[in-house]
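Below, each structure is written out as structure tokens.
The same chain A turns up in both complexes below, where it pairs with chain B and then with chain C.
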Partner chain A sequence: MSETHPPTFRRAVVALAGGPGDERIVRLVSELAKPSHGEVIAVHVVEIGWSLPLDADIAGRSEEIQSILDAAEGVAESSKMRLEAVLLQARDVGAALVDEATERAADLLVLSLPYRKRFGGDFAIGRTIPYVLKNAPCTVWVVREPIPEGEA
Partner chain B sequence: MIGGRQPLRGRKLGDRRVRVERPHAAYFRWSGKGVMTAKASASRPTTGFGSALATVRHALLGRPLASGEEIGERLSKKKALAIFSSDAISSSAYATEEILRVLILGGAAALAFGLEVAIAIAILLIVVAISYRQVCLAYPTGGGSYSVSKRNFGRNVSLIAASALLIDYVMTVAVSTTSAVEQITSAIPGLHDQRVVIGVAAIALITIGNLRGLREAGNIFAIPTYLFLGSAFLMIAIGAFRIVVGGEGGTFPPEVVAQAAKIPEQVTALLLLRAFAAGAVALTGTEAIATGVPAFQPPESKNAATTLAAMAALLGILFIGITFLAVNFGITHLEFPEKQTVISQVARRVYGDGSIPFYLFQAFTALLLFLAANTSFNAFPRLLAILAGDSHMPRQFAFRGDRLAFSYGIIALAVVASLLIVAFNGETHLLIPLYAVGVFIDFTISQAGMIRHWLRERPAGWQRRLAINAFGCTLTAIVAVVVTYAKWPASAIVLVLIPSLVLLMLGIRRQYEGQATELHVREDIVFAGPNREQRAVVPVNGINRAVVQAVTFARTVAQDVRAVYVTEDAADAEAMRRRWEQQLPGVPLVIVESPYRAIVEPFIAYLDVLDETWPPDREAPVTIVVLPEYVAKRWWDRVLYNQTAKRLKAAIVGRDHTVIADVPYRRDH
Partner chain C sequence: MFVLVVGGGKVGYYLSKELIENGHEVVLMEKDRARADQIADEIGSIVVAHDGCEGKYLGEAGCARADIVAAVTGDDEDNLVICQMAKHHFDVRRTIARVNNPKNEALFRHLGVDEIISPTRMILGSIEQDIPVHELLHLAALGEGELEIIEAHLQDGSPAVGRAAGDLAMPEGCSLFAVIRDGVATPLRPDMTLRVGDKVIAIGPSECEELLHEQLIGDDPEAVTPRR
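Right after this comes the complex of A and B.
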């Protein structure tokens, strides 16, 4: 059966990393959510090292961290969509994303992946995306950023 | 949730996360380093009354728009033609009549000169339109003749241009509205006695439309313009066909012949000149596009210039066409047995008396004239905003309302135009003499400014452009003199109003400049922390929660804190002192006995004494008068409290080295 309609979802969790890919995935999900009146939740997770208590007052006071979610709100608004912004502190970003998506019964989890290379030239995928792909109960989309010019 | 952080368990043992509250997110958004942008929720009223008022306003005017949405409010050429050109195009509805009203003074035969006069005015229109096209291209920031003259001649001349324009815009609203009402009463004579009410009600509706913002004003008014243009061109085509091909022509009806016979005058050059001056009212509104260039979609200048050319072409054809039909059908205005405008008689003749097309045409004409009034509602507030930006008008005129419209300017225009309609009893013909004089003064200043512009800038092809503007300037200057002479003594009112407005605007500027000089801070000064001593004085009326809160606050801002109790009862004062020393130790209480029962004056006198006892070799301290204030829950309760505090405040404001701190005590807090 051919699929001619854009994929629909009821509730999507968008993982924000604070990079240029955030705008792309928020816009993409907002546009896709619009026709079906889907709900969009943007989540930014601040990783807290073991030297600090998990509930240390870090993310709440940081203008830089708050502005990641605020910028996502602005992008969604420009697409005439409302977005719920969630700020989390966790020891492990992947686990926090999966837990948040599960708790909110999301049927889509979207992450952006910057094009990076490890020392030695191999494409680096990091550890968050493999964890989410392995553990998230819902559909997972990974949107890889374009390869920078000169590296393609 | 503890301290805005909520601990949560994950699916797997050991997976924990903390959800962090974002209290700012309800009202603000971080938009840059150290920069917060307020959301719409931050601008919402906080009181019940304010919310109710906002609900009514939003229902009437629409939701508030953010400044960033402005680009969406820009006008396309089609909408701009409807909005900015309706003034000029609609003048074809009464310009012919103004010519014929003068020519009839020379008898029925003189009416035949109407077409020649109309052609002469159309030539003038072409010259003015070509000249203003150059203004659009040279000055994309808008402002029309004000901007041009300010740049090229300086402040005083530009203010003359601005004054003439402001008068012109107000007159446009008044004349277009009364003329629209006359089109209605020509079709339905029974409404003639209600003309003033209809006119003022129409202005109120147009005002609401404009307060909703530009784009929606365009949507409301674009359709009638095109309906009028379509029906008017159809009327001209049918009428011209019947005259040219069918040989239909008119003999003047007996009413016209009788009207003409009453006031015989020779067809002299002077009469033709007066007819020309009267018909020159057709050119009003030509400058509106040049003033409103920034309202166009990009490329603003090019789109404005194209729209201006289209407008001039449409107006020229309409004006000559309607005059051609009126002259050939032998039509002029009728006052008896019932008032009939020239254009309504032409439509009646072409479409048939009492026919549906006739009534439709009258309706479209009336709608277009209302829309012409709307032209000024776009241009007048913009000009006021530019003037306010230059400190020549109160700054409120530069503020935009919820819908990005210059609300104060819109309301000011509506009020003044409505007053004119009431004062002139809704009669277009009585208002017309005040019109056009300012317009031609304005045209002349603008063209003269362009001459200087080309001489200074000298871009490619400047000689040709200079020649166009020089010709336009000469022609409009001559017409300005002719119009002023022909419309004397009514034109004298405008000649007095213009310098009065100039003086007013110069006065406002002087006031703002004085304030700016007073508040100016030199850029090379670095301000260190406070080095003056501070003392706090708390006027008290007893010991209560509001007083205790105020005294506690006073102790946080100054070391030297004292309470002052003004009373007329010595026994009461002693009881007060005992209680004070027991409950608020460490804060001296000064009791001022007031045998004359005054409270405010003895308190001020005490402050004066404090100042005088300060060592003269030390810099005077800052005295903070801390006022305990009880805030009642409901607004109608508030009248019962704080009256003495208000009088104290009024007496202290402006006192040297003294600041007032209100410490409100709210019930339930």
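Right after this comes the complex of A and C.
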């Protein structure tokens, strides 16, 4: 990778988790997409437990979920970029992100990772990121959020 | 159709795979995390890595909306518990259990499992069809299992040989309805004289097995083998 030229991509899928990391990765990808006119797709996946059918009307009714997508669109607009916001319902977030990136022929998939520790002090990476790292066909970026003050 | 499969061994794995290929919605419960991950890697995110014997996890796996629950673990006790919870707590319409020990079949039926599959019984039945046996052969169970179709292969020494079918003292609720002679099946008429080599097909409650045995096979104690 050249030090003077930022990485380019045609189509990036940005995974929205509904946390403070969303703004950071949407802004990052939007800025990087500008020069090459790359396409940015922000995906928020709502995990549906097996007690409900997959097509249960959950995500569409939730204002909180809509606000996650609206916030991402707002961040992209402030960078003068257009962003396609996608809402999915799935049994597993990691599998849904990989499927979406594959279907869209994305060449980049970006996720944020909050800095969290398990009980006992071990760093917790969750199960979505390992799944995506293992299965996504495209480049994957994981942007870890800063360590909260007092924990560093 | 939404099918909840409990047990991620060979049976559960291939059952789930086939069901998915046939367009059904499937969730598979497997308590061993490593095995659950392995299955998920192979057939997708349909695996719940929890013990299906716990009601809480059955609920999380969607038991309450399942059309069918199939308990196919290697433990009869677990399969029974799973089917009972599915049937009586989650009101699942149809429960299917794998029963490894044929001696447990009656208990499963008695406790309300809708359908039981016993690989051991199937193999046993298949073997018995190919060897001459001096006892009754169970061909199928009907209804809730209280009625059975039974075959008796008449040998030398059978008290039924040389007698008319109508002269045999049949236990109450039990009837002889067909005979297979020289490979040809015919309805059994009361005046038909039974011969060595005949295969007589009877239907009746499992309790009358002993009397049926006495009438068709004989009461040689060595020939009487408890079947259940």
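In this text, the second predicted complex is superposed on the first by the 149 of 152 C-alpha atoms of A that agree within 3 Å, B and C clash if a C-alpha of one lies under 4 Å from a C-alpha of the other, contacts with A are read in each partner's own complex, and residues count from 1 in each chain.
The rule is short, and it goes like this: a contact is a pair of C-beta atoms (placed from the backbone, for glycine too) under 8 Å apart; a residue touches a chain by one contact, two chains touch by 3 or more.
Just so it is clear, the structure is predicted and the values come from calculations on it, not from any experiment.
When both complexes are overlaid on chain A, the residue A:L109 reaches neither chain B nor chain C. In the superposition on chain A, contact of A:G49 is made with chain C only, not with chain B.
After overlaying the two complexes on the shared chain, residue contacts for A:A95 are found with chain B and with chain C alike. After overlaying the two complexes on the shared chain, residue contacts for A:E73 are found with chain B alone; chain C is out of touch.
According to the touch criterion, the shared surface of chain A, contacted by chain B in one complex and chain C in the other, consists of residues 54, 90-92, 95.
Within the complex formed with chain A, the residues of chain C that make contact are 2, 25, 27, 44-46, 48, 59-62, 64-65.
The touching residues of chain B, counted against chain A in their complex, run 2-5, 7-8, 10-12, 15-22, 24-25, 29-31, 33-34. Within the complex formed with chain C, the chain A residues making contact are 49-54, 90-92, 94-95.
Taken in their complex, chain A has these residues touching chain B: 45-46, 54-55, 57, 59-60, 63, 66-67, 69-70, 73-74, 85-92, 95-96, 98-100, 102-103.
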